[in-house]
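Heads up, there are several structures right after this.
The same chain A turns up in both complexes below, where it pairs with chain B and then with chain C.
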Partner chain A sequence: MRSSSAFWPALALTAPLVLFLAFAYALPFFGVALWSVTLPEPGLGQYERLVGDPLVQSVFLRTFRICLIVTVIAVACAYAVTYVWVRGSRLQRRLIEICIFVPFWISLLTRAFGWLALLSTRGIVNSSLQALGLTDGPLALVRNEPSVIAGMVHVLIPFAVLPLASAMRTVDERMLLAARGMGASRLRIFWSVFVPLTLPGVIGATLIVFVFSLGFFVTPAILGGGRSIMVAELVYLRMFQSPDWGLGAAISVALVVIVAALMGLLARFARLGLTGGGR
Partner chain B sequence: MRIQRPGPVAVVLALLVGVFLLLPLLAVVPISFTPGRLLTLPKGSLSLTHYRTLFENPDWLRSILLSARIGLFTSVLSTTLATSFALGIWMLQPRFSQLLVGFVLLPMIVPPVVSAMTLYFLLTGMSQMSHSIGFDSVVGVTLAHTVMTVPFAVVMVLVALAQLDRRIDLAARGMGASVAQRILHVILPNIAFGVATAALLVFVLSWEEIGVTLFITSVDAITLPRLMWMGLRDNVDPAIAAISVVLIVVTLLILLARMVFQRRPEFEEE
Partner chain C sequence: MSKRAVGLQVIGIGKSFGHFTALKDITLDIAPGEFLTLLGPSGSGKTTFLMLLAGFQAASEGQLLSDGVDITNSRAEDRSFGMVFQGYALFPHKSVAQNIAFPLQVRGIAREDIARRVDAIIARVGLVGHENKRPAQLSGGQQQRVALARALVFEPPVLLLDEPFSALDKHLRGRMQEEVARLHGEFGTTFVFVTHDQSEALSLSSRIAIFNHGRLLQLGAPRDIYERPSSRFVAEFLGEINLLPVGGIGHCARGTSGMFEGARLTAPRHDHLNGSAVLAVRPEHMSVSAEPPEEGNGVPARLAGTTYLGSAMRLAFATRSGTPLTVTLSSEAAGRILDRGPDFWVTWSFENGFLLPEQS
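After this line comes the complex of A and B, so read on.
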């Protein structure tokens, strides 16, 4: 029952933010899209480079590969953590909560720096290994792909926890009870009943983590040390080191298209989860 | 009653992940007490040199103050816009409110680097009107941070509104309260904690923002993360360990304060 009297005031309340974002965000994005077809000269040249240039291609392929690996590891880790967070004892729940949410509030830079402190040539891991006599010289643990993956997984785990937790909380306890009543072992209940029931959450978490990982810039730039460049860093380099705004803009537009496609997929799965899953 | 408790394997795995999550934060602490000028573990003696640098080097102090100021402006602007928007959506609830919410959440979903490029376009355009409002200015950074943080504030306030009992508002309306009275005297007091949390979150997000800030600042508006970035990229400065420890402690204190304040409304409800 909504009265029409509140319609105009309510609309007026939403207007400032909508207008602000229209002018400060949507409009400039079209400007960037315009750059992609006008710089350095009008035409679709930049998009041809996007599919033809071996450097751009290799960066895109590396980005997809790293993001895929990161997504699988992050969702798997998040599943273990969320399982204990949702179903564990009170103490376990509190501990997990601290582990998930304290890093979540800490700046990306601080966390990337933490990895440097751990993994760099004079860092904690190398100096302890040497002190223990396990290695002679420092190992190259940082400024490579595995360290980028570790840093990204670290940032993305909390984002996977939230969709997983909401899926795990809606699991009908009676299903598990029924499985046990029919004599299923604990392991069997977990793999054949619990995991399939939480699958919509897993799919949601996977898509969210993958979408977020695509745009990563700070963590790979610091931990990758300029060797394994990802798409976002390529945009930065094309903007500020070898001014090539057209290509930077074309990559941005391509990223938005990819993300929009993935979000469309997510929306479809979310609807399936609402109507098909649950009960 | 939960029949399926996590078994020992699950608990061990979860704890390993937990350690993985805390490890880089803990690693910063010993490094920050090193007396040397390199990123090493302290050998023998601990030193507070790098903490002293934070107070003595005017660059650090200046960027801390700048970040705090931008964070405050952003927090006020972003939370005000978000609260007004969320109230409108809550009262409106038509079909297209979903579309509106989707639109304002865009900066959260679009890859940050694309937003950075977009805001770079906006601010360089504004610079042509006046240098004090566009690229590399406090106003420019505040505008950009507002764009980037406002979706988070909207989500926070919408969540707070979702928990509000609509009948309170209906009662006020039934007794003839105007829209302004309903908002000021009925709705806002009931979602105050949610709005405050949104303001806090926006401040923290702006205070830490680096992805977009890198694109839109060069020499004047050096925020704290921007200064840290410069120290991290060239040769790693141990002063960053000290500032990191300070940031972690401040964040923990804020989270703790939030928990203390959150207790109360929960008790009142039950």
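After this line comes the complex of A and C, so read on.
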């Protein structure tokens, strides 16, 4: 944007996107934000409720807890998967690509129902366990937190793979050779050279997965079965089940503020990653 | 300090990648404590050979002994030779001191010993005051010092250096060369050094091994290789050289001679030549006069151009048949002769030329 000659064409070319975002996102969000301070009466009453209501608080806490667990598991799994994808044999790479990117294109809803088919009382896991005589009755595998976590991890792994892969690809092979030449074992090279060198990717993947997971709706709604409600589902309930639009709007605004703060952190970290650290 | 310098015996080592032969039948002895340079153009196999010595790649054939012990199949982490990589391969997330401490930590050495040894080597390579900096905060020369310290701190039996100076500017390169020579003297470790820079090889090494197309062409002391190359490739690779095609080779008491443009040119005896050959003379061994020489070799030639090099002057000549000749004279000597017109005699003494087979 430094040269004014490039400014106007650049603006003209990006204008449709800017306009679309303004009409499709900014304007409606402004409306929601307006509701949060006007419904049912003007004022900050809904935000007082947000802070004071034990139900809302417990949903927020549960959401953070679930998202934290999901993020740790998803990033750890993605790290292993990406390691094989970037450094494995040709066959291993192809397999990983199929396992990671094909589910990526299947709708969230379909995948949540897939987990349901697997884990429900009459699902594949329970019927197999019973057929083998390992359990007497069906185990409660869905409508609980672990199944929500499993479903979310499944959806989120590919989002962690991409930043991790770009970090692992930039690792200078000679550094690993150098460590070997100095007598380091494979495990030592992995923990004290490879992992630190890919740390920027780990932090990026962690933030991306955490931010994405905060807004999850479909997967927790289907696999949680109304028992472990997360923030997005709470907004839905306030809006459509108990017409409490003001509170629903206030929760939405709070969620957007939290996500924006995390994105700001991400952007700041990305800038740091570009200028500092590596060679 | 040279308590652990070892000698390496390389016996018929070869390396193929699929159908491509990177190294073929390399046999040489590396003496304990020597400074051996592997010199060759890119793709000559010199770096592959270094990687085989380090154990990062496995030899396809042949044997590698370390003081008589077969290490052909031992892993890099067990050989534990020191290595300085092209681009240094310093760990960017570790400080200077942590980089240097790494090989000692890997060996499970006590913390106080590590601190003492790291401090000692930091002082020896002149990095005092930079201990806590990250590699990215250091200049190229300082990074080079860290790489050397990290490779020497565990007192490896052999230090391998892969084009360590290629990223440095000319001035710094000279200083680091002196530094490496000093460290070699102090540590007494066997150094094996890879470069494609012939002047670097000539000034640093106790011996040079010349590689081309995966083969070892010649091995010897710098002076022997420079003054008595065994092939045209070696002669040309080590520096500028004039090559005169000669025919009618004959042997006599004074040496071996051949005909060039009707004149008989003589060089030290070379018994295995017959028919035609190439007479090679380094530019700095030739001189220029207005008259034909009373003894020694002389070829009439016309001056085609001059290049001023500061202390010296490079003169380009062409003989009657158009063979180019290059002569290097001191600027002073060149100034005395150049205004005498374009036609001169290019002369050199018998012992300064050498005959090489036509093909190689």
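Simple rule for what comes next: the second predicted complex is superposed on the first by the 269 of 279 C-alpha atoms of A that agree within 3 Å, B and C clash if a C-alpha of one lies under 4 Å from a C-alpha of the other, contacts with A are read in each partner's own complex, and residues count from 1 in each chain.
One rule holds for everything that comes next: contacts are C-beta pairs under 8 Å (C-beta built on N, C-alpha and C of every residue); 3 or more make two chains touch, one makes a residue touch a chain.
All of these numbers come straight from a predicted model, not from anything done at the bench.
Considering which of chain B and chain C touches more of chain A, the answer is B.
In the superposed model, A:196 makes contact with chain C only, not with chain B. In the superposition on chain A, contact of A:140 is made with neither chain B nor chain C.
When the two structures are aligned on the shared chain, A:185 is found in touch with chain C, with no touch to chain B. Shared-chain residue A:175: touches chain C; no touch with chain B.
Shared-chain residue A:55: touches no atom of chain B or chain C.
Within chain A, the residues touched by chain B in the first complex and by chain C in the second are 177, 180. On the chain B side of its complex with chain A, the touching residues are 1-7, 10-11, 13-15, 17-28, 30-31, 38-41, 81-82, 84-85, 87-89, 91-93, 97, 100, 103-104, 106-107, 109-122, 125, 143, 146-147, 150, 154, 173, 179, 204, 207-208, 210-211, 214-215, 225, 228-229, 232-233, 236, 240-241, 244, 247-248, 251-252, 254-255.
Those residues of chain A that touch chain C in the shared complex are 172, 174-175, 177-185, 188, 192-193, 196-197, 199, 276-279.
Residues of chain C touching chain A in their complex: 54-56, 76-78, 80-83, 85-87, 89-94, 102-103, 106-107, 135-136, 150-151, 154.
Residues of chain A touching chain B in their complex: 2-3, 5-7, 9-18, 20-21, 24-29, 31-32, 35, 77-78, 80-81, 83-85, 87-89, 92, 95-96, 98-103, 105-118, 120, 122-124, 127, 154, 157, 173, 176-177, 180, 186, 189-190, 194, 211, 214-215, 217-218, 221-222, 231-232, 235-236, 239-240, 248-249, 252, 255-256, 259, 263.
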